[in-house]
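Paired with subunit B in one complex and with subunit C in the other, subunit A is shared by the two complexes that follow.
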Partner chain A sequence: MKHFIYLIIGIVLTALFFVFACSDGFNIYEQMYFSQGFNDKMFNLNVYPVIAALTILVSWGGAATYYYAINSVKFDRWYHWLAVLGAVAVLAPVICYIYNDTVFSTHGVMYVGESIQFEMQTVLFAAALFVIASFSMRWWSSNCRHTPIPQ
Partner chain B sequence: MRRLPSWLLCLCVIAVGLTACGGHGKLDKAVRSVLVSGDTTRAAYDSLCSIVTDNPGKYSDLVTGDGQVDHKRMYELIQEIGSKLRPPMHWDTRPYGGVQELSLTIYFERSGSMVPYDQRGGGGQLKKAVNDLINHFPATSKVEINIVNDGIYPYQHTVDEFLKDRDIYQSTAGIGDASYTDFQLIFNKILEAQKPGNVSVLVSDLIYSPRDTHGVSLDKIFNEENSLATRVFARYKGKSVVVQQMMGDYSGNYYPYNGQPFNYTGKRPFYLVIIADSDVIDQLAQDTRYRGVLDAPTVTNSYRFNQGASEVECRVLPEWENNAGRFRVRHGDGIVLTKCQGDRETGKLCFSMAVNLGGLLKDDALLTNADNYEVQSIDGYTLSIQPIDPSMVTANNKEYLDGMTHLMTLLGDFKSPRDEVHISLRNELPQWVRQSSCSSDTSTGGSFSTTTLGLEQLLGGMFDAMRGSNNLFDVTIKIQR
Partner chain C sequence: MRLFLFAIGGTGSRVLKSLLMLSAAGVRPLDENGKPVKDLEIVPVIIDPHKANEDLKRTEALLNDYRDIRRKLYGNDPNADGFFANRIVTLREIMSNSSVTLGDTFIFNLGAVENAKFREFIGYDTMNEANQALTSLLFANYQLENKMNIGFVGSPNIGSVALNEIKDSNEFKAFSNIFRQGDRIFFISSIFGGTGASGFPIMVKNIRQAANLEGIENRDALSRAPIGGLTVLPYFTLEGNKQDQRIATSDFIVKTQSALYYYKNTLTGANDSNVNSIYYLGDQVRSKPYLYDPGEHGQRNNAHLIELIGALAPLDFIGKPENKLSDPDGYPLPTTAYEYALDKDDLSLNFLSLGHHTRRLIYEPMSKFHLLFLFLTTGFKNMIGQGFTEDVPKIKSDFLTSQFYRTLVDQFLLGYAQWLTEMNDNMRSVALFKPGEIDMAHAIEGVGVRKRLLGHYKVDNDVFKAEMNKLSKNNPSYSERTVEFKLMDLFNKAAHNIFTERYENIN
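And now, the complex of A and B:
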């Protein structure tokens, strides 16, 4: 039962992240980085929901891959988990940047510097979501349920 | 992998669901895309309507009982989506949907002093202006032509014959009494006869020449002219009048108000007085089918009467060459600049705002003269204004400049933690009216070629009758530290 509570909390936190990432009023992305023209474009071109979803998918997908696809005693140490976290923290902003850049290029908009600075925060969000996802789903892993911190 | 729990699959479904929540329906997305790309054309509107008609079941709230697109609901939906964008965007689609075709009634003045405007040796600017006007109304069944002087007389030939007529005053010779023009009767008849969706245009030199002026002082004639214009137009509420001044070749006798006729060859101003319901004039300004009516390149000066304080669309530019200091635009009700900071070196705050003054139908000389504006604020902000040039538009600022006509730049010392900058454009008779008016026309000297006797009194009377408010528009910008 306790594990399901962790799972539900993880889902709620992730959903909250998504909601605040798409919000017009209190936008979590804009709280951390704001450059009016760039952020207005991100909002108008509907980029926020997609990059938030991509960040969630990469983070939760990374955690699921570690706990259920890799799921091996050979990789059950904390540093294996940390390596996956590092991969997620690199992969998510790269994917988001590529998407962001594609949308902007399609509309002929140029915000390269702003886009790079903006995606730096995706590193943090992806890492945080990976931790949340890990503590939500690790309990049902046959070999890695004790990683990164033993139960 | 075999042990992948079923709840993880549920998670995937939730994740996909979350992603879907962030998107909109196909129509919402298409509307957003049109607004963001600035492709606010009739073709774009038609493509949005086709999304609705392709799937009437899904968009049942946007379809009328007989299966047609409900244009009023479409307009509301587009405004709702536009209001959520940054900056909020407005697209008036009303002219595209279900609006009846406009009809045109020409009132062609045939007084003695009009005949020399259409001589065979002249440039024919007057006739061309009327022909161009008619050509903006392709359905000739919707065009009616009248000859006016002491009364209003129907033109006896077809519209095509009028267009081809190389000597219009010759072919209409003998109609009415060309020795005087009764504006009171003409304007009254025009306004009385006007039906919904009709655009009436008086083609005239706007020289008031009533009967029996022998021995009457010019001041008395001017006062009479002014009063009659006020009296006539004050009776018809909801009407809007656009006066366009053009220049044409004049060759022949000129009849001064109190003197002997004399021969004159050269330029003279003539006028198109466009009279319609206010919403029809709005449609003329917005509907691309009729836009040429008000945007004719041969217009020297123009002015729209009957303007109350209008809503003017404004967008603060986040990045602009003149910007000084820092600010953040808060989107929502009104224009609010938050987190403002003065420039580190000068302490000044400077920002630029794109505005759409096209709907006011005022000439650029009036709109770009900062003296015509009143600016009130605690920190003493000053205003400069310039027309938006296509070369200013880049992909990054397109959303802010698209559809806008002018750029207002406000500069002030950033001292007060909270300030409100009120900008208004005073509703006054434009300068060109005074400059184009004269009180004597007995000789060809001076500004004879560019002025009209008593123009200020006539248009001043119309202005008094239709003056809606003291300001043509008001804008307030809140500035917060």
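And now, the complex of A and C:
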């Protein structure tokens, strides 16, 4: 039961992230980084929901991969988990940047410097979401349920 | 049911050690339906005046370790499944309040016998001349001068006099007080030495004639008790002192013949019901020579196949149905004799050399126990803090310094490794497991791992860890148990699954 509560809490937190990532009032991305023309384009081109979804996908996907696909006694130490977190924290901003860049290119705009600075926050969000995902889903893993911190 | 198991002399101790190893592996006596015998308690009593005997000391130490380990695992529950399943207790442990005082030990106290020379014991110096002359005819001078704390040095004629004291001992009284209808008695002894050859018939006589003894309770139950015995025929040779001929290999056969005649007339004849089941075991292929030692230097003989097979005899006896041992009125039936044959007459034996019945009984438990030995000595330490060790109850790093773990790993498993090595080095060589092999996939001699689509199955510590993780996950059954039980039970179950799935089936 306790474990399902953790899962629900994780899903709720992730959903809140998505909501605040797409919001035009309190937008979590704009709270962290704001550059007038760049953020306007991001909002108007509907990039926020997609990169938020991509960040969630990479983070939860990374956690799921670690806990249920890798799920190996050879990789059940905290530093193995940290390595996956590192990979997620690199992969998520790279994917988001590629998407971002593709959308901007399609619309003939260039915000390379801003995009790079913007994606730095994706590093943080991806890492945070990976932690949330880990603590939501690890309980059912046969070999890694006690990683990174024992239950 | 209780089995009172009297292990007499050096062979008795060594067979008992093998029984301990089988019991540690989880080999349990099976009834006629193939189900483990319920509510069983084994009460070993070692009868040997030679207290400095190394074989006795090693067995006693292992018995104490076994008892400590089992108590930690299952408490006083006689019904357990897994490693250390058979409950082994001392007489003292199962005694109710009684006027008899006993030490909490597996060794029969033969104080009056141990501390005297044989001539003092029989009062030779106080005999008249005629009796002294008769005594000198019956006993050689070295026998009269024998200090019995080194045993009876292969002289059953000394033993048959000295061990008659047993019936007056506190241990015998305690045993007779505890014995109840439904309990059984088993003797382990050799027939070609001194202590065992003489102790077995004397003990049987005293039990069957309990009605005539003073201060003995449960006389009727004792005189009707189902009694079994393992009589070990010559299987080893001695090397060393050519001058001292008190014990000579060349005498073994003659002594055996004489004793067998005696047994036939008094114990195991066709219409005799003193002993219900007698198991004869010997080997014409003799062991590697043991160092000649009548007792002064401790007598330490290597473990041997005969002792391992011999240890199956009491288990077989326990599983016998009541109607095979007693008539409908509860009186013991005449003797049935049993022998044992190998499936293959090899000089180096593995599980495939044993008959189907034995294989079915010991192959899986012993293999699992050997895997446990490898697991605990090569992989377990590094697993603490991960996986199943972190499930409730948690196995923390201080577990490695606990009394239980040290007794199990540093003492019992060390004794197990020694026992295996000794059997392996002996003749016939018992090579059930490859000596020094820590690769679990190749540790069982003659048995490999199964093939799968690509190559063979893997078996290593990681495979065990993964299986134990799986079995431990969300498993509430351990939350009320001790960490010791959790570790051993998890391993036992994991080993069963892995064994069934990954190793070749030779049963």
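Please note the rule applied: the second predicted complex is superposed on the first by the 151 of 151 C-alpha atoms of A that agree within 3 Å, B and C clash if a C-alpha of one lies under 4 Å from a C-alpha of the other, contacts with A are read in each partner's own complex, and residues count from 1 in each chain.
Criterion: contacts are C-beta pairs under 8 Å (C-beta built on N, C-alpha and C of every residue); 3 or more make two chains touch, one makes a residue touch a chain.
On a predicted model such as this, the values are computed, not experimentally measured, just so you know.
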Check your understanding: Between subunit B (first) and subunit C (second), which does A:150 come into contact with in this model arrangement: first, second, both, or neither?
Key -> second
Review point. Can A:77 be said to touch subunit B (first), subunit C (second), both, or neither?
Key: second
Exercise for review: May I ask you to decide whether A:53 touches subunit B, subunit C, both, or neither, giving the answer as first, second, both or neither?
Suggested key: first
Review point. First (subunit B), second (subunit C), both or neither: which does A:68 touch?
Key: first
Practice item. Considering only touches as defined above, state whether A:142 meets subunit B (first), subunit C (second), both or neither. Key: both
Review point. More residues of subunit A in touch with subunit C or with subunit B?
Key: B
Revision key, fill the gap. Overlap of the subunit B and subunit C interfaces on subunit A comprises residues 140, 142
Review point. Which of the residues in subunit A come into contact with subunit C in the complex?
Key: 72-74, 76-77, 140, 142-143, 145-147, 150-151
Point to revise | subunit A - residues contacting subunit B, complex | key: 7, 11, 14-15, 18, 22, 24, 34-37, 39-41, 43-46, 48-50, 52-53, 56-57, 60, 64, 68-69, 71, 107-111, 137, 140, 142
Check your understanding: Which residues of subunit C touch subunit A in the complex?
Key -> 385-387, 390-391, 394, 462, 465-466, 469-470, 473
Exercise for review: Report the residues of subunit B in contact with subunit A in the complex, numbered from low to high.
Suggested key: 1, 3-5, 7-8, 11, 14-15, 18-19, 21-24, 29, 32, 36-37, 84-87, 318-319, 328-329, 331, 395-397, 399
